[in-house]
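Have a look at the structure below before the remarks.
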Amino acid sequence: MGQYYQTESVIHKLDPRVKLVATICFIISLFVVDSWVGYVVAAVFLAVMIKLSKVPFRFMVKGMKAIVMILMITVVFNLFLTPGEPLVTFWKLTITKEGLRIAVMMAVRLSFLIVGSSLMTLTTTPNSLTDGMEKLMNPLKYVKVPVHEVAMMMSIALRFIPILLEETDKIMKAQIARGADFESGNLIKKAKAMVPLLVPLFISAFRRANDLAMAMEARCYRGGEHRTKMKPLQYHAADRIAYLVLLVYFSGCVALRIYL
Amino acid sequence: MGIIKTDKLTFEYIRRDEEGNVEGINRAVDEVDLDVKQGEFIAILGHNGSGKSTLAKHINAILYPTEGTVWVDGMDTQDEKHLWDVRREAGMVFQNPDNQIIGQVVEEDVGFGPENMGVPTKEIWERVEESLKAVGMYEYRKHSPNKLSGGQKQRVSIAGVIAMHPKCIILDEPTAMLDPNGRKEVIRAVRALNDVEGITVVLITHYMEEIIHADMVCVMDQGQIAMEGTPREIFSRVEELQELRLDVPQVTLLAYELKQRGVNLPDGILTIEELVAALTGLKGA
Amino acid sequence: MSLILDHVNYSYGDDTALSVHALKDVSLVIPDGQFIGLIGHTGSGKSTLVQHLNGLLKPTSGAIYYNGEDIHDPDFDKKKLRSKVGLVFQYPEHQLFEIDVFKDVCFGPKNLGLSQKETELRAYAALKQVGIADEYFYQSPFDLSGGQKRRVAIAGVLAMKPEILVLDEPTAGLDPRGRDEILDQIAKLKEETGITVILVSHSMEDVAKYVERIIVMNRGSVLYDDTPREVFQHYQELEQVGLAAPQVTYIMQALAKKGMKVNTTATTITEAVEEILKAL
């Protein structure tokens, strides 16, 4: 999925909760509709959102590359393994009319799903995504889900991933300078070669965790209780309109399913 | 009573061998008496393992004394009901700039402390702005900390502490991992805090040139305060410093060597200007 | 056994708009047995430069020759080069991983495919060279003090018997005592074995005492390459690029300006004392 793309747009400015809910609704809608008209509606909806986001389309497609294999496998399986009215037969393989229909549908659903969720990650910073999730999941607190803690862990992870990646690179180079070989050999040999990389990396991660915990305590951190927010999430007019648009779209999809 | 006071502060920890048997007891801090007045700039010197960092962690109630007492603004740090007040009044900046920044954006990190204290949103923004301006990092408020230099990261950490409106700030070797430019940036910011905002500063370091502007210097060795006095007093005791394996600024060392060779110079020369003036004075006389 | 850098350029991030030209037309000759200080502030390209010396990074253009052979020639044995040019990274103690000190130092020579006996002999010799006493050999490296850990990590590179030893800021984060111990140890090692040592640092004062040649890097280019005495004469230019000459240089310059007849090229305290006494 795409990394945050910095620009000014209506979509960028929306509350992260709206975008999260919209993404979930959009994914559900893809499985609700089962007619071509429905897919056209979904495609139009997605296209308008992409246009509004001002993110170049090629960034959406970037996310597709990762799932191209899964997409191919799904299509191939559906194409050949669905029983029904034969369309083309060659050698031992038969493509049925139903198979073709399901394969195309699956391909469309999957690509829409990826592009749709990429749109969310491209227009929302990881930070406000975590904030949005924390706020959305807040009711779960009453069933003893540590919502604040999970959100805090996620944002710390996001902060430290680049640091640890850099560290991995450094340790790797240091061990190569000591003659380590991370490339050649069979699988077992390669796994063994990782020890000089992983041990220092874990030690460093623990040391950092320890330091960070101390620094957080020194700055009066004591969990989610009593905390105020520097950037509290607040719905604005645009967010309400967005929810309305979403509602119209989603009921449209449901109506199509029922009446068409 | 001063803002920070310790009475016979002692901290011991138990050393264990691989099987977990007690090998011995280490006294990291040994009966230290300290009294820091509001608005002072105190430097604590000493090499690694001298107990200076352990001492610092007591002031912020990260560690508790084995024996003796620590008071911050009259509050005993071991008194549980004052724990968060102690931590708010005595802010702490650590050595590694990467491991103390929590936010993914500079301004969010500075807001972290006030958020924890339950400060209202509007006031958090005011505090973040004034703190970032105080350390000269306001223009970087929207940046990711990962893209900053070491000195800039430490200044963000300092801003994060100031935003909590502490009465004193303890800096535990804030410059040890920085290059010379970063070191200068950080020390400049710290001095400004002390001069302009009147915040009490306890600076722990092993760089001698950073303590020249302190009101008082304590040199620690083996958990005890080995030397105590103004920078000038400390620097006039070159032999003792060398025995403790601490650096002496080149200008002080040069003056000392010249004196040893019979040149009539005053004790504890701290700056190039002082030395040059003294030498040219001799020449003229 | 010389190392020659011939018009080396290096840039990264070429495919993005943020392309950085980290090295610009760097040409250097590193002959046998020199003690060199490589100075520059953070981001000057000095760390990028040292990673070129053992082939970890490949120049975008230009070439590097080790004993007359192009190190990026497909037939060139890079693994051998890495044993001949020993590179000690910043905070090298972060690369320790074995269960005891001795095993960790054995890692390098073992990777060279040496026999068990030769490996152990080398590890032993390397640990002795950095002044680690026998009693620490079978301790976990993580139980040692900061300075000791660092020396063990340096021994890990020394055990590969390099002809050129490159140390990237070996004193970073150490206290004055740890710093002096490490630098004295390196100077002693240099004295005893005659290997080439390249000391990367941003402290002129640390380096001035030990090295015979200083290479100053600024914005990816070599700014000065000369004896410490000559380089420090440019103290004003050094300041402009965020570096500083040792305090002694400033003192001598200030005294000269006030009309005292001192030789301004003194770089150490001992030299300065003699000069001032002469002038008084």
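All chains are identified by letter, namely A, B and C, in their written order; residue positions are counted from 1 within each chain.
The definition used in the following text is that a residue touches a chain if its C-beta (ideal position, glycine included) is under 8 Å from a C-beta of that chain, and two chains touch if they have at least 3 such contacts.
Note that the structure is predicted; figures quoted are calculated from it, not measured.
Colleague: Which chains are in contact with both chain B and chain C?
Modeller: Correct list: A.
Colleague: Would you say A-B or A-C is joined by more C-beta pairs in contact?
Modeller: Most contacts of the two pairs: A-B.
Colleague: Tell me, please, which chain's centre (mean of its C-alpha atoms) is farthest from the centre of chain B?
Modeller: Result for max centroid distance from chain B is chain A.
Colleague: Please tell me the distance, in whole Å, between the geometric centres of chain B and chain C computed from their C-alpha atoms.
Modeller: Spacing between the chain centres: roughly 30 Å.
Colleague: Using the average of all C-alpha atoms in each chain as its centre, how far is it in Å between chain A and chain B?
Modeller: That gives a centre separation of 44 Å.
Colleague: Could you list which residues of chain C touch at least two other chains?
Modeller: If we look for residues of chain C contacting two or more partner chains, we find none.
Colleague: Spell out the residues on chain B that touch chain A in their complex, using ranges where they run on.
Modeller: Touch residues, chain B against chain A: 60, 62, 84, 87-88, 91-92, 94, 96, 98-105, 107-108, 111-121, 124-125, 128, 145-146, 160-161, 164.
Colleague: For the complex, which residues does chain A have touching chain B?
Modeller: By the definition above, chain A touches chain B via 125-127, 155-156, 158-159, 162-163, 207-208, 211-212, 214-222, 226-232.
Colleague: Using the touch definition up top, name the residues of chain C that touch chain B in the complex.
Modeller: For chain C paired with chain B, touching residues are 41-42, 145-147, 172-178, 180, 202-203, 205, 242-244, 246-248, 250-251, 254-255, 258-260, 269-270, 272-273, 276-277, 279-280.
Colleague: Looking at the complex, which residues from chain C come into contact with chain A?
Modeller: For this pair, the touching residues of chain C are 51, 54, 56, 79, 82-83, 86-89, 92, 94-97, 107-108, 110-112, 142, 156-157, 160.
Colleague: Of all residues in chain B, which touch chain C in the complex?
Modeller: The touching residues are 47-49, 149-150, 176-177, 179-182, 206, 245-247, 249-251, 253-254, 257-258, 261, 263, 272-273, 275-276, 279-280, 282-283.
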